[in-house]
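You will see chain A twice below: alongside chain B first, and alongside chain C after that.
The block that comes next holds the complex of A and B.
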């Protein structure tokens, strides 16, 4: 099974690396860069949603923070883009920490969804009324291309490799996390909070930590976006986007890191296929989200993995005796 | 010299003015198995919830291993070394048996997120220790053949054993068991009794809530009898069995199970 996973990963990476050899036109490649940026954000979000079981409708806000902070730090303070990206991520992490501690300690999942939604709207409002600092409705243009020392990422091909390279790092980190004891702890929280607490797990704090990690993913994605498009406007970070990110997580499969990348890429590329989907993006997202939740709650990756397991029947222990009888005994024992 | 592992001092808890537990005091000594019995609604589960901090006390104090733990939340008491199981099971249904028990190792083997995700030095050794401890406890509870099965797919009796394995993986000093034998058949129950005695033999302190009188009478060093939230009697199984008050309040109506 490990060999299969390794082979699959190697083929996946090779395929992504080979894309620019076949997709020659800048226009299409550009959409793949954007898809990569969104996939990075959704990978982080899937840790929060899929593994810790918390909903956020405000990750557009963290995305915006990364993009605007990188913009302001490079254009106004003349920081190198890499330094600005790290600084933006640190600031975003602190904001997520400040937001997460009261929200995740006190609130239910539903309250968290509403509170993060309001956070996203608030960030957007600040961008619009920010005057010369944020450029209002028209935003800020003219960001320098991303660079690491003397290496400048100019153009679509260079940005394609930059962005998907970062996606790869993000996926490696996320997979490492979910496969480790720390991932076990997150899923335990999703499974039963009180049960998790009885094992010494500080449920509220673990949720805050993963909330911060997912916000950092969003911030880095925002920084990459600002340097790639060399333009940021409030419209790029609206509430509709936050909803779309959630749709991507659920479409891919809510417990799957790879699913996040697949979901993110698919939905971001969708509008390119037809004009209709460009005009009615929110509607299409809504239909996809509803359809997934109703018919494929395990997501695309779950569906494929399920089919795979049916194709290759594994040797399993005989089915346990009907648990109903055991429950009956429990009731009997209590008489 | 034998300072108590757990000391409950005059603890009360009211629910909307009604006392669920009233002025309750008892101790569990190191390496002692204490039974806690009483009719339905006597306040046994409330008592475990109060000790572990899942519920807060209305009055009184709780001491564990020489320190006052009154008011500490559930995860903090667990951190200190109080393991527990639940009458209404709280296993992680979608995780495998192995993963459930590995999560139980959190108390002594917490890995930082960065450390875990990036396989930083120390992470590998810790993961290995976690896995070995988990496997050991699973074998101990006789669930070795269920390793990669989803916990929710186990029969109820085995889910109870899984909760015990999960709690033991945290290497607790005191273990509170809330009706561990419910859902077990006679053979499994007998095996559970041996298993509990072997845990006590290793120095673990146990507080056992159990409805099955044969089990609780045969494994307990001492028994506390609760009725309407108050301590009705305390003593060896032999003493408790022969107390007229206990017989009339409890054993008389439920003792023949």
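The block that comes next holds the complex of A and C.
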């Protein structure tokens, strides 16, 4: 099984690395860069949803913080982009901490869902009335390209490798986290929160940590976006975007890191293939989200994994990736 | 000075009454089904937009408004029939996501039907303000306050004094026991969605003359309704009213103190601070 996983990952990475050799036009490559940025954010979000069992309806807010902080720090304070990215991530982490501690300490996932929804709207409202600091509706343009020391990432190909490189790091970190002791702790919480608590696990604190990590993913994605598109406006970070991110998580399969990348890329690229559906975007997202939840609650990756197990029956019948926790929650949630 | 305070008070009460209605419709659904319906505010948006369109078709207002409310009630019914019924056994988190999906479908359909522009409804009876102790008061304010007060009373009587209301509350407490003593939980879920949708639509119709309506106001109304319901205590009848008025008043007082361009920022900050500061007492029912 391990060999299969390793081979699959290697093929996946090679395929992603080879894309610029085949996709030559700047336009298409540009959308793949944006898809990578969104996938990074959704990877973090899927940790929160899948491993802490929490909903965030306002990750667009953290995304915006990363983008705007990076912009302001590089343009106004002339920081190097890498330093600005780290600084933006630190500030975002502190804000997520301030938001997460009172809410996650206080019981239910509904608090976080509602509060993050308000938070996303609030960040957007602040960006709009921010005057010269945020540029109002028109935002800020003219960010420098991302650079690490003398290495400047100019153009679509360079940014493609930069962004997907960061996505790879993000995925490796996320998978490592879910397999580490911290991941075990989180799974224990998902399985039986009371039981975990009685083992001495600080349930709320574990959830806060994942919330902060997922906010940092969003912030880094925002920073990369600002340097790539060299333009930020409030409209890029609205509530609709936050809800779209959640759609991506559930499309890929709640709790699956690879699913997050697949869901993010698919939904981000969808409008490109169907130009006519500009006005239908929200409707299509809604239909996808509702349809996935109703008919494929385990998501695309769960579906494929299920099919794989059916194809090769002699393998030890592992539980489908999602059903165990879902059933546990259903039993726990019913009363 | 007094007139100015009174002005903000009136504005706050008007908004508060609307939030109270939405909070009421939200907690009605929540209390009977334990479902946190994010699409609740979208029913209000639909009610307002439908009424605007029907009046655009030259229907008289007293026909257009009931028709709009009935249309939205059917959409509530459809939501329950086609979607909610299938997911009742899902984990809670998934059900919340399903209602978000429905909210996106409703908003997306609204974009297709009405575009992204904002519209507003004519006032129920004239837009000329009346002087009231030195403060200017729109006749719409009287309508909003009057109808909300009457409806709250009617719903309280319904939930407290009728057999159906009793059955709804019983089903909320314990579905199995309620069905053992003869209540039909499936019917009750359906009824809550229809009533919740109609009540939400009415709130939308009432607010449409004083707030511009477009496809996206629903989510904002949901947020305010939820926070109002949470502050007031989602399990109590009076809670929605108290919470709604509190949110409305806080919002209008803050808007009076700070420059008006910061209105949204202030309102959202107030909501967020309230939610972070007193998360307990909040949603006591949700943790069950």
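General observations
In this text, the second predicted complex is superposed on the first by the 310 of 335 C-alpha atoms of A that agree within 3 Å, B and C clash if a C-alpha of one lies under 4 Å from a C-alpha of the other, contacts with A are read in each partner's own complex, and residues count from 1 in each chain.
The working rule: a contact is a pair of C-beta atoms (placed from the backbone, for glycine too) under 8 Å apart; a residue touches a chain by one contact, two chains touch by 3 or more.
Fair warning: this is a prediction, and the values are worked out from it, not measured in the lab.
When the two complexes are overlaid on their common chain A, residue A:114 makes contact with chain C while staying clear of chain B. In the superposition on chain A, A:209 makes contact with chain B only, not with chain C.
When both complexes are overlaid on chain A, the residue A:250 reaches chain C alone and has no touch with chain B. Legend: residue contacts after superposition of the two complexes on their common chain; A:79 is shown touching neither chain B nor chain C.
Legend: residue contacts after superposition of the two complexes on their common chain; A:200 is shown touching chain B, with no touch to chain C. Applying the stated contact rule after C-alpha superposition, one finds that A:125 touches chain C and leaves chain B untouched.
In the superposition on chain A, no contact is made by A:157 with either chain B or chain C. Shared-chain residue A:57: touches chain C; no touch with chain B.
More residues of chain A are in touch with C than with the other of chain B and chain C. Shared contact residues of chain A with chain B and chain C: 326, 329-330, 333-335. Across the interface of their complex, chain B is touched by residues 173-174, 176-177, 180-185, 187-188, 191-192, 194-203, 209-210, 213, 316-317, 320-323, 326-327, 329-330, 333-335 of chain A.
Chain contact summary for the complex, chain C toward chain A: residues 36, 83, 86-87, 89-94, 96-98, 100-109, 111-112, 115, 216, 219-220, 223, 226-227, 230, 261-262, 264-265, 268-269, 271-272, 275-277, 279-280, 282-283, 286-288. Against chain C, the residues of chain A that register as touching in their complex are 49, 53, 55, 57, 99, 102-103, 105-111, 113-115, 117-119, 121-122, 125-126, 128-129, 239-240, 243, 246-247, 250, 279-287, 289-290, 293-294, 297, 326, 329-330, 333-335. Of all the residues in chain B, the ones that touch chain A in their complex are 40, 52, 54, 73-75, 78-79, 83-84, 86, 90-95, 99-100, 102-107, 109-113, 116-119, 123, 126-127, 130, 145-146, 149, 153-158, 166-167, 170, 181-185, 211-212, 254, 257.
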